[in-house]
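Before any comments, here is the structure.
Naming follows writing order (A, B, C and D), and every chain is counted from residue 1.
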């Protein structure tokens, strides 16, 4: 069932340690086919180097396991909440990547002071409140606070990104960390100017419309 | 003698440079089988890339070498002190990993301001006093100050973690450094809020009971 | 057409992720043969690990695509502006490398407080204003502000380097980031002394004339 | 001539990029056999990935090239000054490793606030003045300021380490950077206590006498 999507979700999960976004078993990626009511997600607490595509768990939008002999990620209920509320979201990533999570620790957004942030996020990378892990509270906090951004920080916790595919959500997770790293470095020495709203909008539009093949 | 445990202790030792936790020959891992009165430990000052499982040294709980033609780690007496006092400990790791050791340098605990710290450590990662290397003073400082945490910092020195196995202690050593890195980054820009005790307890319980396979 | 230059430009493009200077698809390298009126440049937004030499795009100095089935980099107009104004430039690199871009975020030059900066750059690494991406504004800002330096920062954006070849521009891009890293670290703890002008000139001359084979 | 030493010096040179201590062609290692009046040193400005053992240059203590078709390192005169003054030194390393060089940029020693610094260096890692590159001034500054330490920083420049062999000098170069990294991190958040002299001496003696095989 969903072998192609399992392979893609697996590939994006193992990309997390390759990109330096996770330590040990932390972090997870999920995905669904557009319009489908099934979600493929990482098994809970499983080492990345021991996983294969066949270990990905298939659940329905209420969290019922449809296929897989592993327990799904402990963040599953929150992923599903987002998939139920956002038909445009077909991929999600969660990490504790260090630089971005340092903004989450302080409950601070990452300001749009770089063209790369304007390009990818279309504004500041927002931050939502602290909510407990395990049920769908995190999913609710994401939906309520993410706006049009593909990425959000949750206070005292970490990073969540969404996208039209697992690959798009993974790209945003990498770019959140890359932006956070540069802004952190700048903020330890001074206060970078935020780009004007008009420049942010123009850069974001150009990036969406003209960039890439 | 204890070939299986030698292999496991060797594997966790070479994981230290792979995880970026040590420079040159620093750091060490030991392990014992539950209920056994023999401990397997890294040889002193030996390069990780030159070691094999057969170089691991077997000692009894008083430090007598039972097997191995190498001198055991210079921290052996301290490892043994912990193993004698704590029947639940069957693996130990020592590193000077940079971010965590910067907290040790200042004699500061790592505060439980992130869900990942609550999950893994159940509270702040504590710090013990400076004590000299070579005899069992370090072991005593660990036992007196570690409480229920799997990890502790010793002032002006570094990181020590304990666990039910060498693999568990290694995981905690990675997670101490990962937590230290994020908290360091946050503290250079502001003061992160500690999580409420109740949230820490709930997160820690959930992580122990529900997380993983 | 220009197979040798395509191979060289491709090699320098894939050197960007190897050297840790870019995240995902960001960054680009271009090159031309001395005296030629054609430029070889990276395709827009293409993953480095999926590219081959045959994907490099050949454009004339007005931006007309002469060969290649990919769209050229969105920074092409700015590269071409520099090539038109500077006959001595036959290679260009653009990155958002983190440490250097943190200086760009603050609109600050990297001061010549290290012999390695004097050697490679002959003075402070300058910073130009923020200008929008997409047309040749960036190229103009580079030409107006770079002086004799092989590298420049543009405010709220990133790093641009030029050289007599793509390989030389790549080397400068690596050295900008390396210098930025050390100066950042020093500036978070104090204020490093700038080298005297006379020492900078002597070091730069020696490096140009005596260093290397 | 000196094929064994060329191989060892080559191996320690290529260890520099592997250990993350250098960017591009910067840095160098030299070595001599105890009692010999010939020194083997890296060729000037040659990429590490293009070098082989046969590219190492053999010079006498006055800098005359005895063997090799490459120009020796531009730091050769300074290496030779140290070898002439210090019979106990048979290996030297020079890097601009980032954390240690940030202390050099500020003209600050690295204080002995960690057991690993006491172990390896027997006290603070000292800093010497800024002196120009190219002649033997650097060698003089090293000999005058290094004392009993295996490593020293030179202001506005970088790191120099010495040892009884190229391998020992390389180890010290790695340990300088590792120590610098942790002390930098601590100093950005507070002021670490220096260890008492008596504790430093005891740790250093134990490390020299008991540590290792």
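Here is the rule we use: a residue touches a chain if its C-beta (ideal position, glycine included) is under 8 Å from a C-beta of that chain, and two chains touch if they have at least 3 such contacts.
Computed from a predicted structure; not experimentally measured.
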{"item": "Interface sides of subunit B and subunit D: same vs different residues, half threshold", "value": "different"}
{"item": "Remotest chain, subunit A as reference, centres from CA atoms", "value": "D"}
{"item": "Chain centre separation (subunit B, subunit D; CA means) in Å", "value": "31"}
{"item": "Distance from subunit C to subunit B - Cα centre to Cα centre, in angstrom", "value": "44"}
{"item": "Numbers and ranges of subunit A residues touching at least 2 other chains", "value": "188"}
{"item": "Overall pattern in which the protein chains touch one another (line/ring/star/complete/other)", "value": "ring"}
{"item": "Touching pairs - complete list by chain label", "value": "A-B, A-C, B-D, C-D"}
{"item": "Subunit D to subunit C touching residues, read off their complex", "value": "23-26, 43-46, 70-71, 74, 96, 98-99, 101-108, 130, 132-134, 155-158, 184, 187-188"}
{"item": "Of all residues in subunit D, those that touch subunit B in their complex", "value": "113-116, 119, 171, 174-175, 177-178, 181-183, 185-186, 188-193, 195, 199, 202-203, 206, 210-213"}
